[in-house]
Amino acid sequence: MAQRLIDRDTSGVYIISATPFTENGAVDEASTDRLVDFYLDSGVNGMTILGIMGEANKLTAEESRGFASRVLKRIDGRIPVIVGASAAGIDNLKSFSRFAMDEGAAGIMVAPTPGPAVEDRIIGYFRQVCEALGPDVPICFQDFPLTTGVPVSVATILTLTREMPQIVMLKHEDWPGLSKISAVRAGSGTAETPRISILCGNGGLFLPQELSRGADGAMTGFAYPEMLVQVVEAHRAGDPDRAEDIYDAYLPILRYEQQPGFGLAVRKEILRRRGAIACARTRAPGPRLNDTDQAELTRLMERTDRKVKGL
Amino acid sequence: MAQRLIDRDTSGVYIISATPFTENGAVDEASTDRLVDFYLDSGVNGMTILGIMGEANKLTAEESRGFASRVLKRIDGRIPVIVGASAAGIDNLKSFSRFAMDEGAAGIMVAPTPGPAVEDRIIGYFRQVCEALGPDVPICFQDFPLTTGVPVSVATILTLTREMPQIVMLKHEDWPGLSKISAVRAGSGTAETPRISILCGNGGLFLPQELSRGADGAMTGFAYPEMLVQVVEAHRAGDPDRAEDIYDAYLPILRYEQQPGFGLAVRKEILRRRGAIACARTRAPGPRLNDTDQAELTRLMERTDRKVKGL
Amino acid sequence: MAQRLIDRDTSGVYIISATPFTENGAVDEASTDRLVDFYLDSGVNGMTILGIMGEANKLTAEESRGFASRVLKRIDGRIPVIVGASAAGIDNLKSFSRFAMDEGAAGIMVAPTPGPAVEDRIIGYFRQVCEALGPDVPICFQDFPLTTGVPVSVATILTLTREMPQIVMLKHEDWPGLSKISAVRAGSGTAETPRISILCGNGGLFLPQELSRGADGAMTGFAYPEMLVQVVEAHRAGDPDRAEDIYDAYLPILRYEQQPGFGLAVRKEILRRRGAIACARTRAPGPRLNDTDQAELTRLMERTDRKVKGL
Amino acid sequence: MAQRLIDRDTSGVYIISATPFTENGAVDEASTDRLVDFYLDSGVNGMTILGIMGEANKLTAEESRGFASRVLKRIDGRIPVIVGASAAGIDNLKSFSRFAMDEGAAGIMVAPTPGPAVEDRIIGYFRQVCEALGPDVPICFQDFPLTTGVPVSVATILTLTREMPQIVMLKHEDWPGLSKISAVRAGSGTAETPRISILCGNGGLFLPQELSRGADGAMTGFAYPEMLVQVVEAHRAGDPDRAEDIYDAYLPILRYEQQPGFGLAVRKEILRRRGAIACARTRAPGPRLNDTDQAELTRLMERTDRKVKGL
């Protein structure tokens, strides 16, 4: 079977996968399989692994390869998998990307390297990345200034789209960023600039609005992926009110999970409670929930359950 | 009548006031009065003017004084008014604060000046501020790292509370910041450190959780101040579920209004539509809503109205 | 006499003026006159007042106007004076700029406002500025990312130069920034893009290299302005070795004065010791020299004097 | 022979080693040996490898281990070697540090992880680091806010010194930072707080002043290490004027090499021209010198040679 690759029309929900660890801090292989099954059961259209929320920067190179291999093997081609490969050096980025593509990845996600947010630097960097990966590897451009410290203009995104055919997808998580989605959508798919797929991150905090503005779906790691799927499907089915009703039922816990840094501990704990992983541990130095946090979360999960039942 | 001052037990909703402008950019005096009435009608317990959301840094010194005077005169002692006085230089801060206190303000809000986030610099700065203002002027410490670029530890807040008797209130808007509220609440009101009043900002994004963790109320500018009042009251009345039900009905539009920078344009447009001000203009360079934004907002306001009716 | 304005060919040394205060913190008018005379005696070609090093943000609007008037009156047209007018709001920027131009300023210096470093925001802002000032007011674009937090690409600078005829000068103080000077010099003065005058800041830390790369001079506040004048003149006279010999004699103290923030206290103390101002005070919160710093400075000044005598 | 470890009295010049690459980007083993010999010949007292200037973040884990082993074997105990081990995760930091210590390192250099600059976070992190490394591994605390984005107060440094016996050295490169050296020197070696060794970085830009304020030496990578050695020795010999005369002769090229980011390309090119490495390449994305830069450097090196001969 030909390897499925992401392209300019890719749409739906690409769930950002957590990386599960055991209590003693090793990558938890059994939970990896279980988490993949959990995501597949929720109906997501694709998966993204080893992003920021996957604690990629705390894994060794061997662990990253092992995790990518295991996930790709478990999925076995059922849905496409994008692999995060941001690295300080192009050489590391290249060798890991090649490995991931050989194992069956559908594309590579890359963010700008830290440094001055000037267009020629960003574009020059992506030229180097494209050349290193070779033209056959599709790239998802990750636009996440709150974390990278590198704001990127709509004009730069359109230039990347136009000049580098393999940059086929934007992971949008600028904030505030709704007008950016409208502008990228309007400026791509024109005579001059090819279409670019737009999947939105930011924990899903504006998903209904993003879909209405032309986003193709979500790429985030919300621990209730079935909501993301239902919202995107309802929206596609032409029922934005239904989409937003579903969404609103989950919004209190979604906004709780979307706290920078700390939210990862919340997300993993919800996944644990839902049976998707065995242990909620993040790698040190990483956030942990204390008793107050746990009780607060319990309350929010219970309220969410009640609301979802009432839908 | 003695001037009412904020103190270590101040609680409730202190609404952050917008500053209304006319279409040609002047401070709109008629709308100022109308807006004050709107806030008073909503039942808020206090008001804060000339903060970041009040575009204080775009007013001339004369405009700031004129606005403060007009608001204080209109309120006429019915509720306490905190006046934002953050300025690059202590001399400007001092002269404006004196003016505001003479006009009847209940306290002064000050944020750390930009610079390295080291404790001795922050504490040294507040020593200078306290000395400049004199011991009779109560201070609200504004902790808003996303905007100031100066993160402040719990230990520093407690040191300020302990060593400077006139620092009586914390405007909390660190993010994520829930555990900080718990820690400040636990660490103040002890044998060593006096109590400090904690009012929470951040657009109200975590208000129910903040109240449960011991915050004394809200200090934010959400354009539906009646919700803030109802939530705080329900919480005080021992009905956190009711508080959270009310809160959740507004959350979709609250999170829409809480977009950094852009959210101010949303807030002013809601205030305009609700009849509180005549014109939603922000001073240049400032955000504006385009047609797509307006339609998105209309939709969110209508959905909010329906949900609130269903409460 | 017609008012002298800066233009695309302006060159030489534009000294950044300090703002002298008395011991009790008031603007020191007598020292203002003395300082102007000191700068004129040193042979500078122009002056820039109310920049960052002029503590402009710690003055009231009245003080800024008073200082600008006094300086312009004292200079009485002998050299052109650029006035810094960066402000959070366009309205304040506009009214102060008009005042300064009416008093005889040669141009206005403006830096990008804080915010995401994306080209469309920066260019949009300068369009607003140009419109507010009107086409007759020449603008010096201040490129100082270390302080503004807004890096600006060469392409953006050239776009500003091309599209806004009144932006005639670049105050260059990006760091590292030598290649930027080469690129702006090569990209302006072409068929497409008019020439732009480039004066370099950064305390003069790379002045010889900057001149060799095509800069038109210096715009900085080094407390030995005669060195800047001699270096620029020797360079113009075709003797870069002589220029660099002079420069190197002052480099140890120049690099000492170029410490961000703290350097202003050093600069004012040198100016005081040289008789240019009566008091080295900076406005609070501002840096001060302690005894160790004073002794260190004494040593560096003495070493500088010996080296300069040996030239 | 017992392994030599850094301690609270360590002093002298610890040269920060570059990591040499071949034209095709591999670690250059022959140049590694040659560079070690070059440093040893210059008379340095110790070496620091795999710091920021060693492009550590662009090496794979295997390359880092290989480079550390090779350097340590070549040095063979003649001078102590500190190994940089900053990593996003504690687990990676721990395993690499253990490897380095087993190979004969004299200590480990660790910088705070990115995040809010609050004392409890920084101290908490170093507690985790100390526990992970075990009490027998001496730590050099790297204080480099310009790169890490984490300013650290004197009080925090003294707390680390007091509470964690294995933190024995401060690599000082705050900027401006002279008063910090005085304060750390005064606050350590007291009844309460043990002494801490202070070696200064920042390219050596203030070395004479730093030594006068009580620093124990330099830890930087200036491509003329013999200067650092001579300056420290002259200073120790009680001849600060001689120290500063030597220093000043190199200052023009030192300040040229000290450009953030770009300076690494300058440094490697000087090392190449001086015969210490075969190729000046930095790993992508990294800085490169163009023809103008090369000519500028040639001129500065020639001027330096002439001055040094004249000493």
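The first chain written gets the first letter, and so on, giving A, B, C and D; residue counts start at 1 in each chain.
As a convention for this text, a residue touches a chain if its C-beta (ideal position, glycine included) is under 8 Å from a C-beta of that chain, and two chains touch if they have at least 3 such contacts.
The chain lineup, named per UniProt: A, B, C, D = Dihydrodipicolinate synthase.
The structure presented is a predicted model; accordingly, all values stated were derived computationally and were not measured.
Chains that count as touching both chain A and chain D, per the definition above, are B, C. Set against the C-alpha centre of chain B, every other chain centre is closer than that of D. Chain pairs B-D and B-C differ in how many C-beta pairs they share in contact, with the greater number at B-C. Residue-number overlap of contact pairs with A-D passes half for only one option from C-D, B-C or A-C: B-C. Separating the CA-averaged centres of chain B and chain C is a span of 38 Å. Chain centres here are Cα averages; for chain B and chain D they lie 46 Å apart. Residues of chain A in contact with at least two other chains: 261. Those residues of chain D lying in contact with chain C across their complex are 175-176, 178-179, 182, 205-206, 209, 212-213, 244, 248, 251-252, 255-256, 259-263, 290, 292-293, 296, 303, 307. The touching residues of chain B, when paired with chain D in their complex, are 116-121, 145, 151-156.
Those residues of chain D lying in contact with chain A across their complex are 25, 55, 57-62, 87-92, 95, 113, 115, 124-125, 128, 132, 261, 283-285.
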